[in-house]
C-alpha cells in the first residue's frame, strides 16, 4: 500500500547516505563546529548571495521555537495565519517559550499587509501584547506559495511597521520550484529577517538550515539553540546532508520531482471531476471526495483526512515526495477512476 | 591528530549505517509511530524486564528538559550534583522550562541520601521551591559510577521523601560495563522513576531512549515531546539504531571497548607518574599534568582542558569511544613518556 | 469632569478605610496568615456554602495567571471567548506562563457547550495542545451575564469532556445583582472548579478572593502564588477588606447601586434614540454614537472608545461604580439630550 | 505578645492613611497614570538627582521577577549571593521566568568583584548560561550594608565585564540610615542600572518604587509589568504612599527609628553575653541563643528561627520596624536578662 500521507515517509536520497558512509570514521569536533557544517554554510550563503548566519537544526518545530524565543522579548507576539504550523501543529511550542501567537484567518494560508493590518490596529498600549514578528510558511500548510511581488510587499510592510518577517521553509524546495514561482533564495535572504531551508521534507534524513539575515538578530543565537536542546552532538550529520543537497542543486531537483508528480495527480483528480479545496502548485494536494470514495481509496492508499465540508464532501491531503514513484500516482488515479465509474 | 575530546567525534557503528541503508526506501509513518520504533521499544523493555514506556530522543539536553518539564509542577525543583550536566552544560535548559536546579557539591559527582538531606531540611513552606526530583547521571560527568547498593539506597530515600529519581544515561553503556559494576538495566527500571539509555555517545549517529518507569509520569508525555521540538519526523531512524544496538548486545560490546582502552590509557598515565583527579572506571579520564606537558601533548592529540589546580597542575579530560583504535592509546602514552623523559 | 471610564476610578468604600484605620497598629503575621484573612475566608465560605479554599489576590491579572499556571500542565490550553480578558487585556500573561489560549468568537462574550465543541473536535493528538480549561467571566467584558441554567449546562459539559471550568469574577458583584439574575455564590461554588470574587471593581482599594472549589486543584496553590509575586506581605489588608464587604452584604449593596445607575443611564440613552451594541444588565454599557456627538460629550465626561462600526457609529464604554453619584448620570443624559437636540 | 518577626507586622504610618482618606473620592485614571503617581515619581527623581524611569510595584518579589524578566534574554543569568532573596525566598520566581540564578557564597551576604570573578571565569561558550546581571540587596538578608566605596567598586566591575547591576532595596531605608552609611539615593541612581526603594518594610501599606536608571533597560517596561500582573488598577494608592513617604523625608525618619531600636536591642543582647552571627547596623539582628533560652523567650516574644549552629546555639532573627515601641525593646532585654540570670 502506497502512502501519500507525507513527504517524510522514506529515508534519504542515496547521495546523502553515501556521504555519511564515506566520512563515517573521520573525527570532527562536535556541535556543528566541524568542516562539513562550515562548508555547507558557505555553500548556502553563496546560493543565497548573502552573509546570513547559518544554523542547522534537526527539525522544524525546534527551529521555529528557538528562533522565536531568540528574536522576541517576553511581551512580544507573533502573527500567524490561523492555519500556520506554529499555531496549530506544534503543541503550543511558541507559547511554551512565553509568546502569544495572534492569528489571521486566510483561506489560502497566506498573510498580506491587508490581512495583518487589523491586528496592528487592534493592539496598542501595555495591556495588550506587542505584535512583533510575522510568521509565514512557504509553501504554506495548504500548498500555496508566495510570489516575489507578494513577499516584497509583505517585507516592505513589515519594515514600515516594525515587524520582523520570519519564513518557515519546511517545504521551501517545493515552493521555489513550483510552476510559475519567481522567488529565489537570494530574494528570501533579502526580504526576510530569518528563514529556514527545510531538508527533512525534501530528501534529507533530517535537517533544517536557518538563515539569520538580519544582523540584529544574530547575537548569541547558539546559546538559545543549546538551551532548547537544538544543537546536535554530531552536528556534522547536518553539514554533510546540506552539502549533498546543495552541491549540485539536488535540493531543487528533488523538489521538482515531487511537484511534477503532485501536478499529475492533481490534474488527474480534477479530470475525474472531483473538486479541490484550492488548486495547489506544490507537493501537497487538497482534493474533496465523497465519504464512500475515501473508504474504498483507503484500501489501497493511505492519506490524511483534513476536514468534512458542510455539503458532505471530505477534504483529504495527498502529499508526494522526492521518492514517490510515477507508478504510485498512476495507480492512485486508476483506482479513483474505477471507484468513480462503479458508482 | 587523534582527538580524545569526546565520544561523539565519529559517525556510527557500521551496523547502524547498514540498517539505515537497507530500509531506506521503505515507507513508514512518521513521529516514531513506525514498526522499527515499536520493535526497538519492545527489545528495550525485554532487556529492562519492565513495562516502562519508551520514548526516543535525538539528544540528551532535549531528553532532560522534556522529562523535567513533564514531571514537575512549576514550583517544584530538581536536585543535582553541582557538576550535573543540567546544572552546568545545558545553558539553563531546565530553568528555561521554569524550574530551579538545587545543587549539591560532590567531588565524585554523585548524590547520596546524606548529601541530599540538607537540601530537604533547608526547604519548607511556600516561600521556597519544593525539591521534587533527584537528577543523577551514570556514569557521572567526572567518570564515576553508581553501585547497585548506592542506587538502591538512593531510590529508597527518594521514595521515603517523595522525590522522583531520574537518571541521565548519556554514558550508561560505559557505566554498566565498567569493571566491577553490578548494576543492570532491570535494576535501573526497578529503582528509578525514569532514565535514558544514551546512544549518541556509544555508537549511534544520535539517539537516547527514555524509559518512563513510573506509570504516574507517563500521561501525555508525547505532548511534551512535541512541544519541545523533540519528536523526530523520521522517527524510524531512532528505532532502527536502537534495534541495531540492542539486538545482539552491540551496545555493551561497544561500551566495553571504550572502557578497556580508557583503562589502558589511565593505567599508563598513572605508571608514568602523573596524578589523577580521581580513578575512573569508565571512558572519561581526568589526569593532571603540568602546563608545559599539555602544551607539547596538544601538538599531537586534542582533548578538553577542565580546570587549573591551585598547585599548578591542570586537569584535562581524555575520552575514548567505541571507535578509538588501540594505536591511538599507544601513541598517546608513547608521547607522554617522551615528554616526561625529556624533562 | 466626571469619568465613566471604569469602576476603579475612586478609592474605597468608607467602611473599608475605617477597618484599616482601626486595626492599623495591631501586629499580625504576614502573607495572609492572619486572623482577618481567616475570618474573611470563613465568611466567604459561609456565603458560598462551600468548603472551597480561599486565597486573596491584589489584582485580577495576577489571579488569572496564577490560577492557570497552577491548574494546567505545560501542554494544556485554556479556551476563552475572543473578548476574554486573558486573551486581550493581560499582555499575554497566560502565554507567559507557557499556555496557549484558544479562542471562540461570541458577540455576547459568552461560552456555551455549542460554541466550545468545535474547539474540542478540532484538537486531537500530541501535535496540538490539549484543551483543558474553560475561562469565562461574569459579568463578561461586554456587560452580559450568565443565567444559572447556562452555567449549569456549561458545567455539565465541562465535566463530561474533562475540562475545568474557571470563572473570572472581576465584576461578579454586578453580575449576581443584575436584574433577573438567578445565579448565587453557592451556585458558583458548586458549578465551577475555581472562581474569584472581585473586590477592586466593587468598592475595595484592591483585592480578589479566589475560591478553589475542586479539591484536586488545591495542592500547593500558595507556592504558585508566591512564585508569581502574588502573596501580599501585609496580607491582612485583603482579609480586612473582604470582611468589610461581606459582613453585612455591603458587596451586593454596592454592586446594586452601580447596576441601578447604569440601567438608568442605558435607558436614558435608548430613549434618546441612540443604539446599543447590546442591552447590558450590568454596570458596563456599550452605546453607539456618531463621532461628532462623542466629540462634544467628551468635553464634559470621560469614557473609553471601543471600536468604530462599519456604518460610521462608534461604540463607547460607559461604566458606573459603587461611588457614581446620581447627579453624574443625570448630567450625562442632559448633555446627550442637548447634543441631540442641537443637531 | 510583641512580635519581632518582621517589619511588616503593622499597617501604615498614619500620614499614609490620612492621604488615602483625603483623596478617597477623587476620580483618577487607573494603572498608575494618575497625578499622584506622577508627583511621587517626580519627587523620587528629585531625591535621586536622576532622570530614572520610576515604576511602582505592590511587592518585592513582583518587582524582582518583573525587572529580571524585562532585562534579560532567555540564556542570560543573574548572579546572586547564596543568601539572596531571589535565590532562597521567592519560590523560584526568577527561574519561573526562565532564568538561572548563579550563586556566590558569602557570610555577610554581599557581592564583591572578587567573589563574582570565579563565576565569570567559569562561564564561557554556548553550553553554559551567560552571566548578565548582578543581584544585590541593601540592606542584605543578613542585615549588612554596602558602603559607597564597595558599591562603586562593584559598579565599575560590572560595567567593565558587561554585567547589569540591580539592587533590591526592600530594606533600603534601613541601609541608607544605618550608622556610618555613606550611600545616598543619588549614588544608587548613578551606580546601578536599576534599583527599587522599598516601602512595604518601611511604613507603607505596601509599595516598592523601581528606578530604571539605565536608559537601555527602559523600553516597554510597563508591558512586562502588566504581563506579570504587576500594574495595580488603583495605582494612585502607590503614588499617594510614596508622596507621603518622601515629601518630608518621613521615609528616612521611619528607618532611623527602626535602626535605633535595633541597635539598642543588639547592644543589650551583646552586653548580656550572647553572641551574634554578625554585628548588624540595620533593623535585622541575628543573635545566637541556647535552645532553652529561646523556648522561654518565645513565651513572650515572637521571632523567626534561622538555623542551628553546629555547636548547639540557634540563630534567630529579630526585626524592628517604624512602629516598634521602645517599651518592646526594653521588655525583651529584661526578659533575656531574667532568663540568663535564672540559669
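Just so it is clear, A, B, C and D label the chains in written order, and each chain counts residues from 1 on its own.
Definition applied: contacts are C-beta pairs under 8 Å (C-beta built on N, C-alpha and C of every residue); 3 or more make two chains touch, one makes a residue touch a chain.
Molecules present, by chain and UniProt name: A, B, C, D = L-threonine aldolase.
Quantities reported herein were computed from a predicted structural model and do not represent experimental measurements.
Shared contacts of subunit B and subunit C, meaning chains that touch the two of them, come down to A, D. Relative to subunit D, the most remote chain by averaged C-alpha coordinates is A. Subunit B and subunit D have CA centres that are 42 Å apart.
Separating the centre of subunit C from that of subunit D, both taken as means of CA atoms, is a distance of 34 Å.
Between subunit A and subunit D the centroid-to-centroid distance comes to 51 Å (mean Cα coordinates, whole Å). Subunit A has residues 74-75, 90-92, 96-98, 126-127, 129, 223, 226-227, 231 in contact with two or more other chains. Subunit A contributes residues 69-70, 73-75, 97-98, 126-127, 129-130, 220, 222-227, 231 to its touches with subunit D in the complex. Residue ranges of subunit D in contact with subunit C, taken from their complex: 2-3, 5-6, 8-12, 14, 17, 20-21, 23-30, 58-66, 90-93, 96, 200-201, 205-206, 223, 226-234, 236-237, 323. Every residue of subunit C that touches subunit A in the complex is listed here, in rising order: 74-75, 77, 88-92, 95-101, 126-129.
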